[in-house]
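Below is one structure, written out as structure tokens; the observations come after it.
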Amino acid sequence: MDVFLQQLINGITLGSIYGLIAIGYTMVYGIIGMVNFAHGDVFMVSAFFALIAFLVLTSWIGIGSVALALLIVLLVSMVLTGLLNWAIERLAYRPLRGSFRLAPLISAIGMSIFLSNFVQVAQGPRNKSIPPLLRGEFVLSDAGGYVVALSYKQIVVWVVTALLLAGFWYVVRYTPLGRAQRACEQDQKMAALLGVDVDRTVAITFVLGAALAAVAGTMYLMYYGVISFADGFTPGVKAFTAAVLGGIGSLPGAVIGGLLIGIVETMWSAYFSIDYKDVAAFSILAITLIFLPQGLLGRPEVEKV
Amino acid sequence: MTEPAPILLEVDHLTMRFGGLVAIDQLSFSTRRGEITALIGPNGAGKTTVFNCITGFYKPTEGRIAIVHGEPQMWEELDALTLKGDRKLALANGALFLLERMPDYLVSRQAKVARTFQNIRLFSGMTVLENLLIAQHNPLMHASGFTLLGVLGIGGYGKAERAAVEKARHWLELTDLIDRADDPAGALPYGAQRRLEIARAMCTDPVLLCLDEPAAGLNPRESAALNELILTIRDRHDTSVLLIEHDMSVVMEISDHVVVLDYGVKIADGRPEEVRNDAKVIAAYLGVADEEVEAAEAEVGL
Amino acid sequence: MATQQVSIDDATREAGGGAVRRAVKDAAIWGLVALGVLGPLVGLHAVQDIRGFLRLDGRWGLLAVLVGLVVAGSLFGSLVVEPWKERRARTRPKAHPLAERARVGFGRWFPPVAIAFVAVYPFLALWLTGFSGSIKWIDNFGIQILIYVMLGFGLNIVVGLAGLLDLGYVAFYAVGAYSTALLAKEFGLSFFTLLPLAGIFAALWGIMLGFPVLRLRGDYLAIVTLAFGEIIRLVLINWVPVTNGYAGISGIPRPTFFGIPFTASSTGFAKTFGLAYSPIYRGIFLYYIILALALLTAWVTVRLRRLPIGRAWEALREDEIACRSLGINTTNTKLTAFAIGAMFGGFAGSFFATRQGFISPESFTFMESATIVAIVVLGGMGSQIGVAVAAVAMIGGTELLRELDFLKAIFGSAFDPTQYRMLLFGFAMVLIMIWKPRGLISTRSPSVFLKERRAVSGSLVGEGRG
């Protein structure tokens, strides 16, 4: 039971990160029907932005307060990652909009390869680690020698994720931007005819997705304390898995999918074998899709004949 | 009239619900061999849904759809087959199929029901001739020894393909598409695409051809040619036709029997001239709102 | 869409002045974006100092150069490329009939010429670069490219013809390689016995994986195949007793020339034929094996395309519902495409194992699947010529980058051109897609004709939903 509780805490933390990334996939898919394969690498780059901002703050400017530093790092990373994704959309995807279905996918795969190798060349292939932040934890139970603890870092991840998700939810639900997004999702041509600036809406979608990925990237860096150029692929694929599991196109689905994948992964590591945790995550995906092809919260696809 | 032709297809208490929407409600009708049956009704009446149920694309919520090949005596087996839970019964003198139990591709392959689509579905990147050969997939597949022999060039695949091309040529001539045989289907003008879809359906050798609004978007000359084509299919190819059509001139001119649907309910069933004068049909087509139907009926004296 | 808008805007502006002002503004925006993104990534370098702590080094010169390049690129784009595109669109409104004919002619003469060239290629390489120099050209280039050509041909059946996006094709390559390695080591079977077995195993895996997932459509199929690819790789990593995990399997027997091994021993190939020993003989032998396999794949695909099954695959890509209405069992049809594609992947894997003599899970990552899909799409879905050309360009091109040692003379000896290999690979993928979204060869050649075979324009050809 204690193991379960601890793994649940760990799983929710990991799942929050997956969920944040998954939203980027699901939003882009919803609006232009494209699997943005480079999104995992955008997440990785955002962690590098956070890393460098952190180093600037601590070693050059010498900020003492960890909370303030984290907040600035988070904002910087969100802005820069948003900028990056805006540029990617303009250069690699917009020229391909409305053309052959696989063209943007291949372009995105190319972009993913480009990004990870760019970071490798620019920042070197080694892992980059920062000194541990926010040491300390709440001990929830200490029965029989097994300590169940909720660390400060985990609390930060939970709180930041929850706050940003709430803000984000407000944006897409209640602002004209969100309405434009939903209109483009339904029918781009019609939305354009009714005066929605489709290009702009798509661009903002990419920027928002990137900003959430940057939150995930910053949290990842803070939580694990280490990042490398190759760290985009696996979380990216898992987050995409989460988006599909939750029902691609559905925002709550992405979060729930992310949490599920995170929890399955940590539970599997604790109870079965840590080696096969990824196999478990992917198997769950395959099984869900086979029996529930539209995912947990996705709209079933009606085959209109 | 002389003795009516034997029944080919029987739709029995067919109901199709989509969530709360009842698209078809307890619909029963039948079509006879060698006849053209028209299925008409206002937009959204459920006509296409009936086709989708017959051809296996939708599984009806309730009801039975049966078709008989060969001797009409096969109909006597209907209830036994229904109870038995099987989907087909093949005897020496004919066969009986329960379409609602069959997957879509078997409806075409075994029960020999072919269809066209309201929004044309051609293989647009393939040529007209290729479209017609794909329609003969199953016999050609046999001839190619399920690919194994065909790859090695053993067996009579070449001959079978030549025969298939001949059959395609026959239909291309009938549909006046022979000059476009090597053009991609997607490059044809609209009317030609409609004709090609019919030719493609006919290449599966159907006993029943279901046409979903074949005259939609055709000009009067094309429409007249289409009437000729449908009549030819009925008279010379031993294929009965089930036709959805909005163009009343087409319906009245070529159909032998008309079924009228409104909001999924059958409101009339009979020969064209009977249906034409049916008050409920007029009311439905005049587009009176639901609550005014009774008033309208009273007005026209029902 | 964006270019159109720009050109309309430009037309409404009076003359060049507005366009220039606009171009400068765009360039300034791009410059700022580049500064924002590259500033931290390039301008600041996080390096580890001796104590293991990270420290930041400024690289302002490099940053300035890159931002300058971005600005220049933006100016070039809006002042040169855009007007040029516009002019071209105006002067050549429709596809030229002559160009069309030239393309069909190309399809006719190119394959025999290409086959003749690859048939003599090893001897050409020997003649031009001598015994020791040619190993690189035959092995790193020839064999490597041909493996990808073969994989491309195999996946082309699934993605190009049947329109099913398979992002886990590497799984079948891995099945072929591991089954060859394990059976060879366990039972001492020879490569030529194992080759067909590997194909059969891969095809069975294809059927097993395909059966549950082929009902899925579009991107769902893509992600499930990706997941299966990853699962197989992870199992290879973790099932140590059988696969030896990360360490991989080494000592896989190499193929022999009708029983004569390519060794320096007295019974080896060189001695038997009275030649001086050289590893090049094995290289040439392997080259011809993979060439034969690739040609076999191509030949089978050409045959299949003209059989009902091949036509059904293409029809499936065009419109699945119409297929079902014509009595085609779409599940079986997809499954055969999947299985046959998998079989060729298995052949290629088997060859890979015997060529390397060593395999490990490293060789079967998602990157491999992505590369193969990219080759198929870049080549033009369904076109074998296109796939071959794309494989040569992408694989040959990245291999060539290994050869750029002379750049060291320019940029100093610390400069390592090979690390830019994958960077440029990814960049090229993006550029080619923007340049030709439907791939190098987008026209489709009909499988049968009544009077005359005319190529079908790519814009009409379907792209598949599965």
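Residue numbering begins at 1 within each chain, and the chains themselves are lettered A, B and C in the order written.
Going forward, contacts are C-beta pairs under 8 Å (C-beta built on N, C-alpha and C of every residue); 3 or more make two chains touch, one makes a residue touch a chain.
Given the structure is predicted, the values throughout are model-derived calculations rather than measurements.
S.K.: Can you figure out the chain closest to the middle, judged by Cα centres?
M.R.: The chain sitting closest to the overall C-alpha centre is C.
S.K.: Return the chain pair with more inter-chain C-beta contacts, choosing between B-C and A-C.
M.R.: Pair with the higher count of C-beta contacts: A-C.
S.K.: In whole angstrom, what separates the CA-based centres of subunit A and subunit B?
M.R.: Here the centre of subunit B sits 50 Å away from the centre of subunit A.
S.K.: How many angstrom lie between the centres of subunit B and subunit C, each centre taken as the mean Cα position?
M.R.: Chain centroid spacing, subunit B to subunit C, equals 45 Å.
S.K.: So how far apart, in whole Å, are subunit A and subunit C when each is placed at the average of its C-alpha atoms?
M.R.: Taking the average C-alpha coordinate of subunit A and of subunit C, the gap between them is 28 Å.
S.K.: Where in subunit C do residues touch two or more other chains at once?
M.R.: 321
S.K.: Which residues belonging to subunit A are in contact with no fewer than two other chains?
M.R.: Touching at least two other chains: 303, 305.
S.K.: If you look at subunit B, which of its residues touch at least two other chains?
M.R.: 57, 117
S.K.: Touching subunit C in the complex: which residues of subunit B?
M.R.: For subunit B paired with subunit C, touching residues are 55, 57, 104-106, 108-109, 114-115, 117, 121-127, 129-130, 133-138, 140-141, 144, 147, 150-151, 153, 157, 161, 165, 169, 178, 181-184, 186-187, 200-201, 204.
S.K.: Which part of subunit C faces subunit B closely enough to touch in the complex?
M.R.: Touch residues, subunit C against subunit B: 300, 303-304, 307-309, 311-312, 314-315, 318-319, 321-330, 336, 444, 446-454, 456-457, 460-462.
S.K.: Which stretch or stretches of subunit A touch subunit C in the complex?
M.R.: 29, 35, 45, 48-49, 51-53, 55-56, 59-60, 79-80, 83-84, 86-87, 91-92, 94-107, 109-115, 117-124, 126, 128-131, 199, 233, 237, 240-241, 244, 248, 273, 275-276, 278-279, 282-283, 285-286, 289-290, 293, 301, 303, 305
S.K.: Within the complex, which stretch of subunit C touches subunit A?
M.R.: 1-3, 30, 33-34, 36-37, 40-42, 44-48, 53-56, 159, 165, 212-213, 215-217, 219-220, 222-224, 226-228, 230-231, 234-235, 237-238, 321, 366-367, 370, 373-374, 377-378, 381, 419-420, 422-423, 425-430, 433-434, 437-438, 463-464
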